[in-house]
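Chain naming follows the written order as A, B and C, and within any one chain the residues start at number 1.
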Amino acid sequence: MRFQTKIEKMVDLTELMENEVFKAYASYTTIILSKMMFMSTATAFYRLTRKVFANPEDCAGFGKGENAKKYLRTDDRVERVRRAHLNDLENIVPFLGIGLLYSLSGPDLSTALLHFRLFVGARIYHTIAYLTPLPQPNRALAFFVGYGVTFSMAYRLLKSQLYL
Amino acid sequence: MRFQTKIEKMVDLTELMENEVFKAYASYTTIILSKMMFMSTATAFYRLTRKVFANPEDCAGFGKGENAKKYLRTDDRVERVRRAHLNDLENIVPFLGIGLLYSLSGPDLSTALLHFRLFVGARIYHTIAYLTPLPQPNRALAFFVGYGVTFSMAYRLLKSQLYL
Amino acid sequence: MRFQTKIEKMVDLTELMENEVFKAYASYTTIILSKMMFMSTATAFYRLTRKVFANPEDCAGFGKGENAKKYLRTDDRVERVRRAHLNDLENIVPFLGIGLLYSLSGPDLSTALLHFRLFVGARIYHTIAYLTPLPQPNRALAFFVGYGVTFSMAYRLLKSQLYL
């Protein structure tokens, strides 16, 4: 309820973007989605430098016929990036939805910031731990921090806003 | 248009959460995203109890060198959970986006509730049918109910709000 | 700031849907999510016509015991559709989140429409290039146009709305 009440002037959409919690959500979400998009570039980079492709048309430039087909293979490094990317999807999609609804449910700014910062930090660390790779339980801990943060927001939502 | 018009008092964000359709969307979305997150735990559970891993660093605790590498394998049960998880992603992401826009487009509360309940019920049943597994067409029907609900909301949106 | 200021009348949710940028976002998002959902149908179509299944219960109708198990296999065509579907997920999820926040950040209508049209056109062309398949760099270009559009919106958001 950190809105000034203004007299006789209509809201517009940009009001949403004047809400500090929503602004924070917008910033952290944009950062973590951009990070996720970087995984596509990483996959493309390893595919090209290691000549490892999934589609015949992708390796047509490296030779004709049978000569090109030898590049249709899998590679540990490429598969690792793809697993990290899929794990991002599986975890960032719930954050996207639950975080949006949480931001609209009027949480304290400091609590909301704590959630967003922990989630984004944990997911960035998860990627580092996955791609380096760091020994376990680095990646597992990063995963569970992000997971816990999302559940904490879901719990607050269901406790305060349930309408079934 | 189930909003009271109030005189000389400004909207705030929490108004969105006072809209019953939006509250219902928030509740059902939080439930179905939490259910989807549960799939990660199920995968981790089967990986640990069956000692089936995708990354060398994950099975380092089960032995050294070649002894650990034998746990880098696939397992029917783990792959089944992963397929169910991916199917969730493929279907819950459209619901997340289309459902949000649909909720903002001013549908009847009862129609909206019918859509949300059917979708969430169908997806939960889909998971049960996939993991048990139940004989077909249990899973197929659950899939098509969720699919049809999402298309029904998309159809309403495009019919009433198209702006290209 | 293309909102009329109205005197002494309260906002309601449908106001969001009266914003032209938001309406355009809603329309293009609904279209591209529906297109993504079509990939599920394409996978099911190829699985059924080619008798290629991932789960034993799916091919129980084609024979008993060992006779049915021969349909548990992979197929180039099915795997191609699944890769296209996953690529859609990886790219449409960032558009969903970043596009929503971008729409709420008050961009020019014409700039926003350019972003949405390019993205949706590029992703539809990506699917055509993937499923035909067209020779490279058709698919790569389609991918990078969609990628660039999403980053352009992310850049604008972070430049104007950063709140960390």
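FYI, a contact is a pair of C-beta atoms (placed from the backbone, for glycine too) under 8 Å apart; a residue touches a chain by one contact, two chains touch by 3 or more.
Treat the numbers as computed from the prediction; the structure is a model and nothing was measured.
S.K.: How many degrees of rotation map chain A onto its copy chain B on CA atoms, rounded to the nearest 5?
M.R.: A turn of 120 degrees brings the C-alpha atoms of chain A onto chain B.
S.K.: Over half of the interface residue numbers used by both chain B and chain C, so same, or under half, so different?
M.R.: Counting shared over all numbers used gives less than one half: different.
S.K.: Let me have the rounded angstrom distance from the C-alpha centre of chain B over to the C-alpha centre of chain C, please.
M.R.: 16
S.K.: Residues of chain A touching 2+ other chains?
M.R.: As it turns out, chain A has residues touching two or more other chains at 8-9, 11, 16, 86, 89, 93, 96, 100.
S.K.: Would you pull the chain A residues touching chain B in the complex into a rising list?
M.R.: Residues 1, 3-9, 11, 15-16, 19, 22, 80, 83, 86, 89-91, 93-94, 96-98, 100-101, 104-106, 133-136, 139, 143, 147, 150-151, 154, 157-158, 161-164 of chain A touch chain B in their complex.
S.K.: Where on chain C does chain B make contact in their complex?
M.R.: Where chain C meets chain B, its residues are 8-14, 16-17, 20, 23-24, 26-31, 33-34, 36-37, 39-40, 54-58, 60-61, 85-86, 89, 92-93, 96, 100, 117.
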